[in-house]
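We call the chains A, B, C, D and E, going by the order they appear; numbering starts again at 1 in every chain.
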Amino acid sequence: MTTPTERNDLGYNDIHEDVVRSIVKTGPKYYIALATAGSVTLLCFFFPWFYQLYYGIGAAGMNHPGVWGTYLSSFIFWIGLSHSGTLLSCVLHLTNSSWRKAMYRSAEAMTLFSLVVAATYVMVHVGRPWFIHWALPYPNQMELWPNFRSPLLFDVMAIATYITGSTIFIYMGSIPDFAAVRDRTSGWRNTMYTLLSLGWRGTDKEWHRLHWAYTFLAVLIIPLAVSVHSIVSWDFAMSIVPALHQTIFAPYFVVGAIYSGTAGIVTVMFVLRKTMGFEQYITKLHFDNLGKLLLVLSLIWTYINAVELFTGWYSGSSEEYEALGYKLFGFYAPLYWEMILFCAVAPLLMFSTRFRTSFVPMLILSIAINIGMYTERFLIIATSLSRQYLPDAWGVYVPSLVEISIMVGSFALFTTLFLVFVKIFPSVSMYEVKETMATPKIEPLAPASGSPA
Amino acid sequence: MPNIDRREFLKLVGAGGVSVGAGFMLRESTKHPREYLIPHVVAPEDISSGLSTWYNSVCSMCPAGCGISVRTREGRAKKIEGNLSHPVSQGRLCALGQAGLQALYNPDRLTAPMRRNGEGTFEEITWEQGLKQVGDRLDLLRAAGRGNRVALLTTGVRGHLAQLFESFMRQLGSPRLLHYDYDHPHTLYAANQQFFGEDRLPYYDLQNTRLLLSFGADYLSNWISPVHHSLGFGESRQGPADVRGRFVQIEPRMSISGAAADEWIPARPGTEGILALGLAHHIIAEGNYSGADRDAWMAALADYTADAVAEQTGVPATTITRLADSFVDTAPSLAIGGGSAGNHSNGVDTLVAVNALNYLVGNIGQEGGLVFNPEPAGPALQQHQASYSTMLELAEAAHHGEIDVLIINGTNPVFTLPPTAEFESALAQIPLVVSLSSFLDETTALADVILPSHTYLESWGDDFPEPGVGFSVGAVSQPVVSPLYNTRGTGDIILDLARRMGSSSVMPWQSMEEFLKYGWQRIYQRGDSQTLAQGFDAFWTSVLKAGAWGETKSGNTAFSLNPDVIAGIGVAPPEFSGSEDDYPFILHPYLSPNFHDGRGANLPWMQELPDPMTSIMYGSWVEMNPLTAQQMELSEGDLVDIQSPHGQLRVPVFIYPAIMPNVIAIPIGQGHGEYGRYAKDRGVNPIQILSPQLEPVTGSLASSATRVNVSATGKRVKLVKTGGTSRDLGRNIIQTTGGSGVEVSSVSSNSIPITEVTS
Amino acid sequence: MSLFSRFLDGWRKYRKPGYYEKFDYHWTMTVDLDKCTGCEACMMACQAENNIPVVGEDEVARGRELQWIRVERYWEGEYPNARLRFMPMMCQHCDAAPCETVCPVSATYHNQDGLNTQIYNRCIGTRSCAVYCPYEVRYFNYYDHGWDSPLEQQLNPDVTVRGKGVMEKCTFCIQRIRQAKDLAKDDDRRRVQDGEMQPACVQTCPTKALVFGDRNDPESQVSLSMDDPRSYRVLDELNTDSSVFYLKKVDA
Amino acid sequence: MTNNVVGLFHDPESALTAAGELKGAGFESLEIMSPVPIHGVEKVLGKKKSVIKNFTFTGALIGGMSGFALAAGTAVLYPHPVGGRPIITMPPFLIISYELTILFGILATVLGFIVSSRLPAFRNRVYVPEAAVDKFVVTAPCDDAEHYQRAKAILNAAGAEQVRKIRGDDL
Amino acid sequence: MNVSIVPALKVLRPAAMLVIVVLVGLVLGYWANATFVPGDSPEQPIAFSHKIHAGDNEIPCLYCHTQARRSPSAGVPAVSKCVGCHLEVATEKPQIRLLMGYWENREPIPWIKVHDVPDFVHFTHKRHVLANIECQTCHGPVETMDRIRVTSRAVDGSAQAGQPWKMGLCLSCHRENEVENGTDCWTCHK
């Protein structure tokens, strides 16, 4: 087993210090970043949203055939981004991969916050968000309940479950670390961590219970995560719109989600590494492994895309044929080819180990992949709705300024949440990193090329 | 209880207080806003809250004269539908008729009398002021024996309002009573006069016809009585179980009727009459006409052989002979002509030729052919229809200072006359221009005094549809709502002015309602003994209730042709102003299905109703053949300059698959400079560039005889339209049957095309 | 207990597909394409009857028109043999409607008259029904549309004015159906008679191309019309089991 | 309140040895606090059985059933037929059941964890902050000085860096 | 070192107290408004008493609300209807003088609507009256009220004073009586 740390001379204490410092010591740069992200959120996300609430959803660019637009593609994007964090973490936990341990906390946080942003997007998307509670099952005097046959309601249930599950999962994994931070803080922080850590002491019994609870959660969350994105795909696939009504959509969405989520992790890893001083914990190894994963995912994704085109073409159905042809050569074609370049062609660079282990190229690629994946979601909605059964009702949808602003703002919202997160949660799991290290000795080990078990 | 120190306690008390207040306000804000129940002071008989009341009346949105039923609730008109018992509309109504509600509730209505003040703007005045100003002037002129310096220009009203106008002008001693409408079919009247010797339109029995040849008449959209024609069309198509009527449309640009037809035949603009004579020639040459005057016909039509006609019209000779043969073989059949075919320099000749066609196959006076109408039951009137040249005369008289007062009612000549008529400057020469319009249209905007009239839904009136439906029909238009604004009925205004001129002895009626009742006495007298026994009041009530009155006396069925007519038959090639080299395209302006001659443009519903053929809303466009557009490298939305010898317009292009390559078409109706917020500054008005070409017989404007050239501007706009792709791409969405080789089960099918036409 | 028995009762009854054994009335419309001239009187009638707002030029340019019934136009052939065909397209009131299943709040469902309902005040505006509808006849209120005063006085008091964020569509003039049933009840009549009630579009159609009635009544005009050999349903291959039948255009 | 003897070790092996010896010497209720989970602790302090899996299973079961009951029950309470499907439509309701199975499973697991690990701590249990950083700590309750001395000796012999006496609340 | 969460909870106690006080305050304020400032019985321009008319004098409801039997709306009587009796009856009372003032000025009386449902509810009086449902079932014991106040029918069928109409109440009655199409949304919402 390889250790995740770059240097092998780190002791338990060093990690402890590094992580606690990342929480307690806050420089002006952090505040500047937080203020910037916060104000961008307000200005680009909440302000346009309130404008839209006041005047109606017409503030966005939706129209008659294109009743869905970027709000829904952003929703899928964020849900997709959420897919790698907790899911990957669970899989790696169950397979006992040690390289997971330095990165999984922030990956899970990414899951959680992208889910929050996605859930917010549901509110942004619907025409009358002030009645959104009608989609929740609760007893009311109208004796009306939501329609449990609707794929949208599967979504509601799945996302609610996924948010709950992810929150609990990240929290549970953090309890020992909260306890560790608790001992080093005072004042309100101490109060907070005392409560968050629930009085954790690290006894053998507690570790044992935590281990099992954590494992069960991981087992439960893997099928959940797969179901979540399948269900999101069913919002589309259960319609009879040409090019949406496809059986391959569930795996397509799941793979796409993991793909974009993994790319998102690479981006977040890079940023954390640079800004939080985690160079020792987030290493080339992580990028290398994530790169391999990305490469595999990109190949699967490309394959599914090819299959989608092939089946559409082979079906001989005029509607399918037209819709797919429109995707390739119609109004939105530049976006399609951009997507193919970013998501299918560019990732082939990762066949090179040198590329995988270089930080900046990986960052650029990961961002490109996510741009491509956003485009993919946009195209799924925009092209299919533009070319449905009745040619007389065809039309084109173009996003409005409000939509673009809210999209930009959603990234700021995500960043804001993440910035708050890094000051509350230990963004590297201390105890699991310690676990992978050699047992502390009085004299630090001499740097060695091999790694002790 | 834990210890709480004083400060803490005060803090809590404060917070508690604030939140109690917040809770209080929260509840306050959730309370239902206060609504009121406003009772009547005295309960009216015909208004029951929560229940609809229906009133029958007459539509005035176009000259067809459909009967309407208006649904009202709580004294407000809610919906206009066709009156089931009215023989013209039979319960059906077109889009424009239904949008009449928006004329009533139009936010841009004139709400009170107005006068132009020194600064050139309008200021509100009282009715007394306005009527006094006009009445005094009229009285002065009448007293001075200069009543002929007064002109009354009205839209084509019928019935007792027309009679009222007539007697009013008679009191003034002025012959200048002009009924002017852009769309009035002068040439059709003239052609019928010439052929049948009757200055009245016959009834075209579409319902029973088995083959209709329409030469340019857009009978389903704007021609004479579209709703009634539509009823006939539907009935002929799929009414009887065993036979299906066949419709053929001949015109340079496919109209709604062309789209509905089974066959659309493009003929060069202005050559429709030649084509009709070509058919006639073939019929006679094939020996299918055996009348005594066959030789005279043969002589008159000698030049119109199929090949010669094919050359002139651009319609293949085979098509001509095929049409002619089926026109003979199918009985009853009917040929109608009008619209653009009548708006050429040879308009009257063309329509005479169409009548000749009917004559030759014996369609005249036949069911399913052309049926003569009896004398309308309404008051006997002289013809006051003003053609283009009449309007020119009026303008000239005004320029010469011969007109002192011009009263304008409901017509908008500034919009519907080409600028070459110089009507606008003529208005400026007239010292007192009085408008009785409900809206500030282009003409009213130039008036000196505006005495706004009720809309038709607020006022009394009556109508005797012209042409009738083969028998006499009349209907009373009654107010269905109380007036919204400080306006008065046109008839009431005229009566008031008459009183002020001291004409009370001749025109003693206090109101239009009274005058109507007086006039309808005469119609009541026509009734049978049973009706007479019940008295006039019962008759009046029943007419109001039914919304229609009619009697089944038909017109004469016998017809003999004046032999002189035959010799005069012949259609000259159309004349166009401008040379073909400079102006390679022929402009085909057509009445918009939505706006008619522009009168519907102030109705938001009509503005947002897609044009049936193109789905365009809210604007103007020029239709071009795809090949022409391809040659000129134009595509949909490209702005082009349309230049005629008399003006220029800038319009976006719409590629129209069914228009002749050298013809471009622009709908009339948009391009208003006034006429309220919905109409103003939207699109273009093709009348603005028409050449003042006349039809020599009637003096009407040959509006389809303008040549233009088209030049690209390099600019583009996005056409506002609802339709996406107008090809079904083999998806078989609109399915068809029939033709040959299609198996149709025979039981109870009303769908098998029996009328086989060999093609 | 009653809740439980209701549930048990329902369990037996409600597991059959379709749920309704028979619709009380099965309102159906036929559109004779051979008669339709594309005059759009139906569109105007619908707009007037159902308080459909005018959205304005800018909104139409963005593709946000509201038309419960629209006239689709398809060109065929090229000049000089070009033909234009019209097809009125309104909510098809499918008995197996894709739009109904997807609504998360049951704002649209099938009622016992065989109608595809749309309950405006329940709608939360997910617009998914519009995506699922293959006929694209569901229209969305992107804004609160106003009426320039006094145009609001023409509003039909029997039809709710829809606010922003609400989906709307053709109802077969449910207010008229309800009123006809109401009157039928007054007369101790058990059923609404054929022709007693017509939606606004059918009522006004100048060529009588539209026919409306109860399919359950074999004598009704619409039943006869449906049985015409020309009858077909648009996009029937999608198995939406729609209640609007089109009669093929005769190509003669 | 009880007194505890607490030994701090630098590595887990010595802590485990010390714990084993303490146990051998008759000390009960031993605890090992550590910054990371230690392998082999069960060999020394005896096998632990967790009830969490029972919680998870029960929760999931209840979740699945209540998910279906929720979907089917509410559908029956106010039937809204949609798309020609039965009121109780199996496939979608099974999806709802599936999601609720997982949701309740997760919630029950958390409950199981809280119950079985006796968290959150409302009392001040014996604790050594270094255990959260890098020390492995063995604690044993000892009532009197004699016990304490004995334990201290054992711990020191096992290589404890420090031995302390800490008062802590009862569990 | 402390592991117990109790001290931390104690630290949070003031904040928790504040939250509790605020919540209690909100509820209290809401309740106080709902109870003591009833908007459900507004003061009318004329203090018309249903108790005197419908109760003491036993005038049937439909005598004045003539529309209820044939229209969705029950209607309020025209001023002339009031005057019809009060030209003779109780002419000297101040409220009647008020009424005559309106009559003489030919002004309608701006009655404030008490029982109101949202605009998207299309309730029809006609069907309910023809089904022989007592007016009191929905409007409460009007004949005992000097000033009319909002009343609704509770699920058990009793009158519920001060409570506005809720959809559940309509539904429960429709279910109980197995009204034809009684639970079809389009019966009331269209």
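The rule we apply is simple: contacts are C-beta pairs under 8 Å (C-beta built on N, C-alpha and C of every residue); 3 or more make two chains touch, one makes a residue touch a chain.
Note that the structure is predicted; figures quoted are calculated from it, not measured.
Asks: For chain B and chain C, which third chains touch each of them?
Replies: Common neighbours, chain B/chain C: A, E.
Asks: Applying the touch definition from the top, give me the chains sitting in contact with each of chain A and chain C.
Replies: Output, common partners of chain A and chain C: B, D, E.
Asks: From chain D, which chain is the farthest off, judged by mean CA positions?
Replies: Centre of mass proxy via C-alpha means gives B as farthest from chain D.
Asks: With contacts counted as defined, which of the two, A-E or C-D, has more C-beta pairs across the interface?
Replies: Most C-beta pairs in contact, of the two: C-D.
Asks: Among the chains, which has its CA centre at the largest distance from chain A's?
Replies: Result for the farthest chain: B.
Asks: Determine the chain that sits nearest the middle of the structure, using the mean of its CA atoms as its centre.
Replies: Central chain is C.
Asks: At what distance in angstrom does the C-alpha mean of chain E lie from that of chain D?
Replies: Centres of chain D and chain E (C-alpha means) sit 58 Å apart.
Asks: Between chain A and chain D, tell me the centre distance in angstrom, where each centre is the average of that chain's C-alpha atoms.
Replies: 30
Asks: So how far apart, in whole Å, are chain B and chain E when each is placed at the average of its C-alpha atoms?
Replies: Spacing between the chain centres: roughly 52 Å.
Asks: Taking the mean of the CA coordinates per chain, how far is chain B from chain D in Å?
Replies: Distance between chain centres, rounded to whole Å: 87 Å.
Asks: If you look at chain A, which of its residues touch at least two other chains?
Replies: 65, 143-147, 149-151, 153, 179, 183, 195, 198-201, 389-393, 395
Asks: Residue numbers in chain B touching 2 or more other chains?
Replies: In chain B, the residues touching two or more other chains are 723, 726-728, 733.
Asks: Where does chain E touch two or more other chains at once, residue-wise?
Replies: 1-5
Asks: Which chains touch, pair by pair?
Replies: Touch list across chains, by label: A-B, A-C, A-D, A-E, B-C, B-E, C-D, C-E, D-E.
Asks: Inside the complex, what are the residues of chain B that reach chain A?
Replies: 723-731, 733
Asks: Quick one: in the complex, what on chain B touches chain C?
Replies: 73-74, 76-82, 91-96, 98-99, 101-102, 104-107, 220-221, 226-227, 230-231, 233-235, 237-238, 244, 246, 254, 256-257, 259-260, 262, 264-266, 484, 593, 604-605, 607-610, 612-613, 615, 617-619, 625-627, 657-661, 677, 718, 720, 722-723, 726-728, 733-739, 744-745, 748-751, 753, 755-757
Asks: Can you tell me which positions in chain C touch chain E when the two form their complex?
Replies: Residue list for chain C touching chain E: 24, 109, 111-113, 115, 117, 119-122, 158-161, 171, 174-175, 178, 182, 185-186.
Asks: Please give the residue numbers of chain C that touch chain B in the complex, ascending.
Replies: Residue positions touching the partner: 32-41, 43-45, 47-49, 54-57, 60-61, 63, 65, 67, 70-80, 82-87, 148-151, 153-157, 200, 203-209, 224, 227-230, 232, 234-235, 246-252.
Asks: Under the touch definition given earlier, write down the residues of chain E that touch chain A in their complex.
Replies: 1-5, 7-9, 11-12, 166-169, 171
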